[in-house]
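In what follows, chain A forms one complex with chain B and a second complex with chain C.
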Partner chain A sequence: MLLREVEYARPASVGDAVRLLAERDGARALAGGQTLVNVMKARAASPDVVVDLNGLEELKGIELGPDGTLEIGAMTTYTEIVESAEARARPILGEVCAQIADVQVRNRGTIGGNVCSNDPTNHLPPLVVALGGTMTIRGTGGERTVPAEEFFLGVYMTAAGPGELLTTVTIPAGKADGFASLPIGRDGTCIVNVAASLDGGAPRVVVGCVDAVPVLVRPESAEDDAVRGAVRAAGLQPPDDVHAPAEYRRHLAEVLAVRAVRAAKERAS
Partner chain B sequence: MTVPAEKLRLGRVGESARRTDAVPKVTGEFAYSSDAYAAGMLWGRTVRSPHAHARIRSIDVSEALAMPGVHAVLTHEDVPGEKRYGLEFRDQPVLAFDRVRYFGEPVVVVAAEHPEQARRAADRVRIEYEPLEPIVDPERATEQEPLHPDRPTMGHGYRDDPRPNVVRSLVIRRGDPDARGDVSVSGVYELGIQDQAFLGPESGLAVPDGEGGVDVYVATQWLHVDRDQVAPCLGLRPEQVRIHLAGVGGAFGGREDLSMQIHGALLALHTNRPVKIVYDRQESFVGHIHRHPAKIWAEHRATRDGKLVCIRVRILLDGGAYASSSTAVTSNAASFACGPYAVENALVESTCVYTNNPPCGAMRGFGAVQSCFAHEAQMDKLAAALRIDPIELRLRNALAPGDSLPTGQRITGTLPVADVIRRCAELPVPEAEELPRDPIRLPGGAGNTTRGEGVRRGVGFAVGFKNIGYSEGFDDYCTARVRLLADGSAEVHCAAAEVGQGVANVILQTARTELDTDDLVLAPATTSSVGSAGSASASRMTWMAAGAVREACRAALAERERTGGEVDVERVYRHPRTTPFDPETGQVTGERAHVAYACAAMRVVAEVDVELGLTRVVWIGTAQDVGRAVNPQAVEGQIEGGTAQGLGLALMEEVQTRGGLITNASFTDYLVPTTLDMPPVESVLVEDPEPDAPYGVKGVGEPPTVVSTAAILSALRDATGRELTRVPVSFDEVVGLD
Partner chain C sequence: MTPETARTIAVDVNGVSYEREVEARKLLIHFLRDDLDLTGSHVGCDTGNCGACSVLLDGVLLKSCMLLAVQADGTSIRTVEGLGSDGELDALQQAFADHHALQCGYCTPGMLMSASWLLERNPRPSEEEIRRAIQGNICRCTGYVNIVRAVQAASGQEVSE
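Right, the complex of A and B next:
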């Protein structure tokens, strides 16, 4: 299928990229293109100019701080995270990235693109919320940081607004994490996914795919019944679509939450 | 790359000769129909109905015609000949007039210099519709306004059904349908709409010949029947339309009906330029017919020791908006409703209705898939009620040559039902794998959904059978032409469509065997150099092509013996004649209504995460009645591919609709099995040569699809203890949410 005509820019610095994005109304950042190019092909989005971030070295790479904090550049690909020695400081990151789609998608798709597209079925939005990540956003007016749980605003909408770029995802130290998902097809998109983390006290359980944004649930303890009960009490309103009815998704959220927390507990001990 | 000498062996009948298309397909050099190209060609595009049912108030093409690069915008008014076409009945408009009857029905076609220009012009065609209430519930279709008031399927020798919207209704009555047994089990079964989901979307190239005629290069299953439908609509003589087979990217029945053929030819003749049309995936979902969804009510009565006494089955098929091959699917579903079992008393009623749902027609298994799903569920249920081993129950009732079917047809050829059951049951079932294991080897796959929690194992079994060849008195034949040249080489012509099933090899292996030489070529399949081969469907092509090529080769050799020079002979091969069913009783009116039968048995091991409803099929073993394998490796390939398609229907494949509109027309939302979903398949080829067939061959493409859906469901029921009466099985049904 052919694309509509579109202008292409390849800025040399993050500053230039932000300027381009701010100047032109119809400008869109292009990261791995694994979502953007597809929606352009389907004509669900038709930007006038794509601002290709692939030349920006500043946005790539993973740094491990002395306290175990990970600074992950927005343009880091899933494969780079899977293969990174530094990223192993928080093993769940590589494990979840390894579950995303197929080799081709993992070689192109980026952490920044994954969270900025905020497709409710993506793997990383619930994960960065569960891990207590922080997002660094750059605009023409400068830089700010937003906690991951405030970053996701709506379907395909995040705190990185028009004219802004997500530059870094910061993940604190930790290890007691779990993730369980139900993909459609053996390696496909999720119907429900749940990320859980027991670091920092009470469990953080985050359910994806059931709402426009990841849903953070705080059970009182990591016991199966407490987790199940907390998810039930969250009153989830998941979609009803060609893949599954809403009621089944609610059931999945409970079972997967229990399984994700169990996996996190095994890590903790 | 060096290839060991034995690998290069070209191969005769019975050998696993390497396929001619295998390497080019793997390396990407194979030219599919979508690769067709001609200098100066235009691109065609089809404007389709967004409604399932609507009256067309007006069509305004003026704006589209004025768009840059546009050469033609055509409507039904531009169809010079017959306004309708159809495989069995001419009920389908080339371009809709007065009303549209299904979502995606073609209304206007456009040709432009560039595909994007064609797309934009298509967007500017103004069609005013008056939406009508769509008929979407097949159970109510016979009480609603007729979709085809002129009843296009009437008068073809079938029983006249006075109810509106009946495509065909067939009743088979045998013995005493009220006969009672010691036990009785009943069930209601449903199947969703399955798509052929071939990877190569509909595509082709039409080239005007400058003398009023046209050449069409297209991926199809039966070149001559395409020609015979295209020519009348163009107002041309058959020889003015030449159909040439372009590379086929899968067919499975979905290319029996026309797609772009008439549209491309119309545009080419109108513009006097070659015109190429390629559907995209979304368009492909409305560009061809699908497998009939069905609802089946069944009751089985048996004696205490497990002998079937009486079977009663009612089948309702949703044919969608146009007839396609629904009449034959209706009778097939009825013919195989009781399974490959001997039963004295039966009442089978099979009805296909018109609705405004997606049109349905031929798909691998053709009516027998639906029936097998129901009769095998019933046999398991009966075994449970009688506390008899399900395999033993099937053996006690297995049909054998000499037995009569509920249609009264006596099995005169081979049909080793008991043999395939035994041979399949003998295959050792693998032990359960240890935990923990790689998540890819657990239900849910890479999703890391379970580490063993909730996982239960089940083992299932099923047997199925189906006809080989066209039935009910259809004058079916296949033509082959053989040229023996002065240099000792030979050229074989046969218009059999190579759709990926390997018929090119069947032809080559047959000709090498008969002519006793490797120095021969198979000419491209076309209507311009040889007569009809019939359809690459109904598991008939191997039998028919082998028969025709063998006769032509033998005649050519005899001719050369006589004349000594170059020879060029054409021969037509026919299988034993069939006759129609009696329209009132469904009993055969001659020796046979179906040419022959083939059966298969399958055993399945599956694991189910019963908390989540996820499934992993772990292992499949099967024994299939193949008559004689022309190319054993190709037969195994058909068994594996056919099983994958049945697995798709069992677990994931369904075209979903709302109010007649398709809601999942993409491979993101319509899932097909991948290599990760397919378990290893161990196949046993049971060779019991068919007396009426050349070399004893039988078709092998359909039995695995017929039996696999049923066998997988049997395993899932064993694992979950649930009834699971609908396929594709839904996660929530496996979990037991209501």
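Right, the complex of A and C next:
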């Protein structure tokens, strides 16, 4: 497939990358490219300039702090997360990354790309919200942090706006997490997915694939009935499509929320 | 770092060095096939789903239709032409032949690269591990059973009934 003509830049630093992104309206950051290159083929996106982040070592790697906090560079691949000894501090991260697509995509696709593309069927947006993550965003004016639950703004839209770059995803210490999904075939696109965490007070249950952004639900307890009731009370209005009618997605959201919370409870004990 | 619509890249493919000017919009698979005449890697779906274009880039398995050729500058690439030597098949290729692991053969280059990547990292994979390793490769003849058997045989294991 021949893409539309595009300019390519390989910045030498995050500062250069941000400057390039800010200079041109039609500039897009190229992370793993496992989404962007495909949407460029389909002409669903036609950036004038792609700013390749692949050479930027400062965006790669996982650091585990003394308090158990994980600092994950935005350009860290799924495979690197799956295989990282540090990332095992929060085991759900590697477990979910191992369910994304296939070997080739996991070798190239990145955590930053997954959350910044914010396709509603992606795995990581609900997960980072459930885990209480924090996103660090760099722009020409400096750096700011945004809680994961405020990062996702709409389909394909996040708080990392034009001229900005997500640099780090910070995940606090914890372990009582669960994830449940109904994918189209093993490791396929999710029809509904739910991430849950019991660390830090009332359960954080986050439903993906049912709205433009991950939906955070806070049941009063981790009991099945409380979880099911809280998801029902959220009044989800999921899309209808060839894979599932809206009613079935609503049903799945409740069932998968219960499964995700049960998995989190098992890990807590 | 100034944005450019084309640039000169240097790559090593199967041990041979190449320097070529490529357009930024050219996908790596087309660079391999059209510019270097290495037509072993196939374009199956062009949407990143089928894996027929899989290659190793600096030792990492990926789909060459989801990478711009300019991104490969300075890397070392291995394609299906790089398997075996002096016209002889390697053990994995021979096992594919022995176990009828190809029907139309279109997916074979990608299957071989995925299976090579697996065996480099995991010399005696279980059947489940083999199946997951070729998850990103679609065989539209649906000949998966024989492909799994071939990988088992190539790794010196008993072949599933």
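Quick note on the criterion: the second predicted complex is superposed on the first by the 269 of 269 C-alpha atoms of A that agree within 3 Å, B and C clash if a C-alpha of one lies under 4 Å from a C-alpha of the other, contacts with A are read in each partner's own complex, and residues count from 1 in each chain.
Criterion: contacts are C-beta pairs under 8 Å (C-beta built on N, C-alpha and C of every residue); 3 or more make two chains touch, one makes a residue touch a chain.
Everything quoted here is computed from the prediction, not taken from an experiment.
In the superposed model, A:104 lies in contact with chain C only, and not with chain B. In the superposition on chain A, A:20 makes contact with chain C only, not with chain B.
In the superposed model, A:216 lies in contact with neither chain B nor chain C. Look at A:50: by the touch rule set out above, it reaches chain C but stays clear of chain B. Of the residues of chain A, those at positions 1-2, 4, 186-187 touch chain B in one of the two structures and chain C in the other. Chain C contributes residues 1-5, 7, 23-27, 30, 46-48, 51, 54, 60-63, 65-68, 70-71, 114, 117, 132-133, 135-137 to its touches with chain A in the complex. Of all residues in chain B, those touching chain A in their complex are 115-116, 280, 440, 444-451, 453-454, 611-614, 652, 656, 663-664, 668-669, 671, 674, 676-677, 730-732, 735, 737.
Considering their complex, residues 1-12, 16, 20, 24, 30, 33-34, 37-38, 41-42, 49-52, 54, 101-105, 107-108, 186-187 of chain A touch chain C. The residues of chain A lying in touch with chain B in their complex are 1-2, 4, 95, 98-99, 179-190, 193, 242-245, 247-248, 251-252, 255-256, 259, 263.
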